[in-house]
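In the two complexes below, subunit A is the common chain; its partner is subunit B in one and subunit C in the other.
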Partner chain A sequence: MREWRYWFAEQRGTLLALGIFILMFIIYTSNHPAGLTANVVQTASNKGVLLAFVAMAQTLVVLTAGIDLSVGMIFILTNCLASWLVVGTGIETAFGVVAVLGTGALCGAINGAIVIFGRLQPIVTTIATGAIYFGIALLLRPFPGGSVNEHLADALTGKLFGVVPTSLVVLLAVVLVVWVPFSRSVLGRAAYAAGSSEIAAYMSGVPLLRAKFAAYTLAGTLAATGGLFLTFFTYTGEAALASGNAYTLFSIAAVVLGGVSLYGGRGSAIGAIFGALAFRTIGDLLFVFDFDPLWQPLFQGVVLLFAVSLGAFGLFRVRNRLDWFQ
Partner chain B sequence: MNEAAPLLRMEGISKRYGGVRALEHADLSVSPGRIHAILGENGAGKSTLIKIMAGVVAPDEGRMTMDGHEVSFGSPAAANEAGIVCVFQELSLIPDLSVADNIVISDPPLRFGMIDRRAQRRIAEEALARAGASDIHPQALVKDLPLSRRQMVEIAKALARKPRILILDEATSALTATDVSRIFDVLKRLRSEGLALLYISHRMNEIEELADECTVFRNGSNVATYAAGSKTDNEVVEMMIGREYSHVFPPKSDRPKSDAAPVLECRKLSWTDRLNDISLSVRAGEVVGLGGLDGQGQRELLLAFFGVLRGLTGEILVNGKPASISSPAAAKQDEIGMALIPEDRKTEGLMLPMTVRENLSFTALDRVTKAGVIDRTAEQALIDDMVKLLAIKTAGLDIPVGALSGGNQQKVVIAKWLMRQPRIILLNDPTRGIDVGTKQEMYQLLRKLADAGAAIVFYSTDYDELIGCCDRVLVLYDGAIKRELVGDEITERALIASALNIEGEGAAMAGEARP
Partner chain C sequence: MSDTTMDRLASHMPKFLRRADTAVVTAFACIILLLFLGSLYSSSFLSPAYLLQQLKVASFLGVIATGMMLVILLGHIDLSVPWTVAVGAMMGCAAAAYGPVGVALAVPFGICCGMMIGLVNGIGVAYLRIPAMIVTLATNAVAQGLMVVYTGGYSPQDSAPGSMRYLATGFTIPGIPNAVIIWALIGAVMVFLLTRTSFGRAVYGIGNRERAAYLSGLDTRRIVMIAFAISGGLSAFGGVLLAGYASKASQSMGDEYLLPAIAAVVLGGTSILGGRGSYLGTVAGVILITLLQSILSVMQMPEAGRQIIYGVVIVVMLLLYGRTPANR
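Up next, the complex of A and B:
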């Protein structure tokens, strides 16, 4: 009984996000003209995983009590890069994929190095580096265009055994290969510790700097994974400023919806993934109810505000008002 | 007097923070299989010594040897590696992680490069059992635990690191009596296993029960080391005092005040476990000191008056009428007329990047505002008065207040509250880290304000100040008023004895006049 309670307390944020997502998705599919078919799930999945990857990236940085406003731009930059590199023979394509992911990692590492060793604030640093990354994207693709290895693209955006969306399988694989080991490694724990109480972590002799650097670098890599998938869906690269900004802001929304604390130290990338899927479904709901798409931002805002207020109830329990400001 | 060769020896350690010297040529040697108690009053240098030993701060001079080899620790991790583990007074636990996560944080068990949760759980359970705290669930989040349980986790965490030297810095201050006796058994067992233990506590009875030897610190140096039990409490207090007098205080006003009606009163005030059934009253023209060791609830008491704490029980009366003060904004209104000079001027007192002018007029803006617009002339007049009254030395009113010296910054904090002509002035250790000259000016000012009819509550960690400035001193211990000292009863001996909660002897000494 007690065991179960502790597990539940730890996973509360993630479960809440899962619940919101399932609720939204049921409403969505039950009102969808086609109902719950493999195609509907595939489309939803393909749209959802893009934000899911970017939200995972955001989670890693937010856990260390930072914030990464460049994730959307890394996402766009790697999309443009992939539209040049992920082409040709199998070997060329493989090289391209590695180069794109490596670029993402490098972008994240630059963010991390500036924040950690330059001691600059993450918010300002990543606004600046984000602008630089977008600038490079614009140089790479002044006009939308390019191409991608279509065999690979179709394979990764299609269905496995005619039922399961491949993009969802890839997302699951990334969770298993990247998130699970990270969260259970010393570095991962140190990242949580850094976000929760940096002083206590330092006093406990935790590898703070390495953990933060790893978090930023992994974040860049995950954003690049998202960028790759964007290329697979669109077959082109486009340096779209609005899209980059939207992904950055939506990633923060998804993270909060997924139960990750913006103060750091609390939450999980899995929660953020459900947060991202739920956030995407909110947009689709309007479509099945035949609302004017103009309503979408307003509606998304209301739902987000509601979900975030659920997390703020703790403030009512504060006994010393000075704690509000800490 | 040590039978065994010392494990750690510190020689000639000095440390300064800015102009303040925290340690001056301090020596200490620690032997295996012994419990060594360290005593000293607030600011005697105990904490700095511990921090140097644990690799948190680096000494300016002096040398440390361990097993005869010279060592220096650049970080807490390095000290841990050498086997020195410290249970800090300010907790070093990470609130959002579980108890088990915290216990293994510096060296988690690995399996295929990942943290082995099962092994972690086992280590945590063992460590908790060793610390006598098996009632704590290893999966519980630290932030959900009450303070006393957290302290047990902190001790378990230290034990899990297999220390050779274990330092406990006020590690029992939040524990219940049962926990303390369990911890004592644990510590005695560790001693028999050959660990060296350093025990810092202000509870004399604990030291008596536990320690093999004691070292007394005063003014940043070790003044005596003796075998536990070879000195009386009286002699120990004597060793802890022995400071020369360096401050000049204005004469206390001699007119009787007992007939004046109290301006500020509280009855049976309690808040969580930090304030315990406190009743007091302060009259106009009176300076009432709050004494006791640091962290016994003095700060919380002032915050309670000032409307910062929620969930207070008991009653606060202003001018004889029950007052419900729900925030600092309410406390400063004219019908209450309260001002709080906070402890940390840099965070709670001033907006450092803003100008002297802006900082000075913040609290009184409503008085110089007409139809929502600040009347610059009226503001200027008020500011001029204050700068003159307090002799604030500044290159101009429009420079950032952060550019002033510490003493002048503190004057700005006081001035901004005096602009409202408060009738109740609460001061939280206002002279910490400021120069002697400014201190003296402040003592004069306090007396002047009291003579003009203000009721003053003055918390200070400096006993000289309490003796020199206060008409009465209330000594707090564990969130409750332990003793009230009036007039000539306020002596350093009486203050220290009651701060350490030594009954009997302390009370007997209280009547003696200060030499």
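Up next, the complex of A and C:
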């Protein structure tokens, strides 16, 4: 009984995000003209999975008390790269996928190296590297275009056994292959420790630098996975500044909705995934209720502002006013 | 460059240079280097007309960076610059559609709208204690949404009234563009605020350690809120000037000012962690960024190359002198 309660306290953020998502999804499907069909779920999951990958990437960095404002740009860069490389025969395609993921990892590693070994602030560093990544994306695709191996794209964005969206299965696989081993490994625990109290972690001999570096690198790889999927959905590559900025912003929103503390050390990527799915569903509610699409950016902005303001409820628990200033 | 070599170099310098901040000196040295490189490329680089034109272009960024600097000194950051600039420009132009009174109030109205956004940021950061980066990103999104809704339904007036054009491109004193005078005035007020008033002391105090500032009896939350409101107002004023310069307001006009504004402040030696920095450094940073942009565009560098060079220059210069000390 006791242990069950501890587990509940630890997972409260994740469960809350799951609850919000389920509630929103029920409102969404019950008002959707087509109702709850496999196609509706497939479209929703395809859109949600993109943000879920980017949000997972953001989570890894936020857990170490950093922030990555270049995730959206890595996402765009890998989208442009994939539209060149992920084509042709099976072997060429496989090589392309590996190259795209490797590029993402490299981008993340550069961020990590500058932040950790260069000792610069994550905000400024990732804004600057984001500009570099976007510049490279523009070099690759000055105009929207390119193509992708359509067999692979259709296979990964379609339905498994005619019911289950394949993209959700891939997301689950990535969680099982990347997040679960990472969060249970020494490096993963060290990443949590770095975000929770860096000085205490250092004093206890936790491998801080390696953990942070691994977090930034994995974040780049996950953002690249998102970029790969964007290419599978759109069949093209496009260096769109607005889209990159939007994904960076939404990834932070998803992380906050998913119960990950922006001060680091608390939360999980699973929560961020539900946060991402919930945020996407909320954004799409407007379409179901037949509002003018013009209102969508405002609506999403207000939802975002509201979501981040929820963090202020913690102030009511503060007994000593000095705790306001962390 | 290690500190010891810097010290040894410094002992050979004149006194006023020895007392100056490393970052400010480096930034000014880079400006001279850029001018030198530019003059190798084209002889018109050192002509007074060109330099004055650069100063005019720099003054838009300068006004925006002034607000950004105030917020960064507090240890926070304002990422709502892009759409605050756009809101200032678009609302200023919109007010001008309402007769002569509207034209007269166009500039103050634009600035007021920016201050409202800044006020929301300030309340979120100071009273709700949400990280500044997050609040300002969110208000940026809300401001974008408002502007999309505002321009979407019908086509509002987007051409700048005469008053805005006069502020940005006119000449009150012959030979010196009004925009430069405005930047100088705003800069002078900011220097006065930061160095001669209790508000300025409080800003540096909060930037160093907010708890200590609070315990010494300052209403730190009100000061943070006011600083954000000033930053929003100055961003919007920058937007008003830009709209006057381009003689119209457009939606994405602020996008290219966020990174340069932060870069100018940080390259000028203001610590991103807050509490340390001088306005002279910000001036150097603004001129440096503007010259870099100008030289890249004279060399007809495409947008992609510009973005890459920009990011690389910022990272490299910060690695030279913006590193946080190793605390072990």
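Note that in this section the second predicted complex is superposed on the first by the 319 of 326 C-alpha atoms of A that agree within 3 Å, B and C clash if a C-alpha of one lies under 4 Å from a C-alpha of the other, contacts with A are read in each partner's own complex, and residues count from 1 in each chain.
Here is the rule we go by: a residue touches a chain if its C-beta (ideal position, glycine included) is under 8 Å from a C-beta of that chain, and two chains touch if they have at least 3 such contacts.
The structure presented is a predicted model; accordingly, all values stated were derived computationally and were not measured.
Once chain A of one complex is fitted onto chain A of the other, the partner contacts of A:308 are limited to subunit C, with no touch recorded for subunit B.
Between subunit B and subunit C, the partner in contact with more residues of subunit A is C. Once chain A of one complex is fitted onto chain A of the other, the partner contacts of A:127 are limited to subunit C, with no touch recorded for subunit B.
Using the contact criterion defined above for the overlaid structures, shared-chain residue A:36 touches neither subunit B nor subunit C, since it reaches no partner. When the shared chain is aligned, subunit B comes close enough to touch A:9, but subunit C does not.
Shared-chain residue A:256: touches subunit C; no touch with subunit B. When the two complexes are overlaid on their common chain A, residue A:202 makes contact with subunit B and with subunit C alike. With the contact threshold set out at the top, residues 202, 321-322 of subunit A are in contact with subunit B in one structure and with subunit C in the other.
Of all the residues in subunit B, the ones that touch subunit A in their complex are 56, 75-77, 80, 88, 91-98, 101-102, 105-106, 108, 110, 113-115, 117, 137, 139-141, 144, 157, 271-272, 300, 303, 307-311, 327.
Within the complex, the subunit A residues that touch subunit C are 67, 114, 118-121, 123-125, 127-132, 134-139, 142, 202, 241-242, 249, 252-253, 256, 262-263, 292, 294-302, 304-305, 308-309, 311-312, 314-315, 321-322, 324-326.
In the complex of the two chains, the subunit A residues touching subunit B come out as 2-3, 6-7, 9-10, 181, 184-186, 189, 192-193, 195-197, 199-206, 261, 265-266, 318-322.
Chain contact summary for the complex, subunit C toward subunit A: residues 77, 124, 128-131, 133-135, 137-146, 148-149, 152-153, 210-211, 214-215, 220, 252, 255, 258-259, 262-263, 266, 272-273, 302-312, 314-315, 318-319, 322-326, 328.
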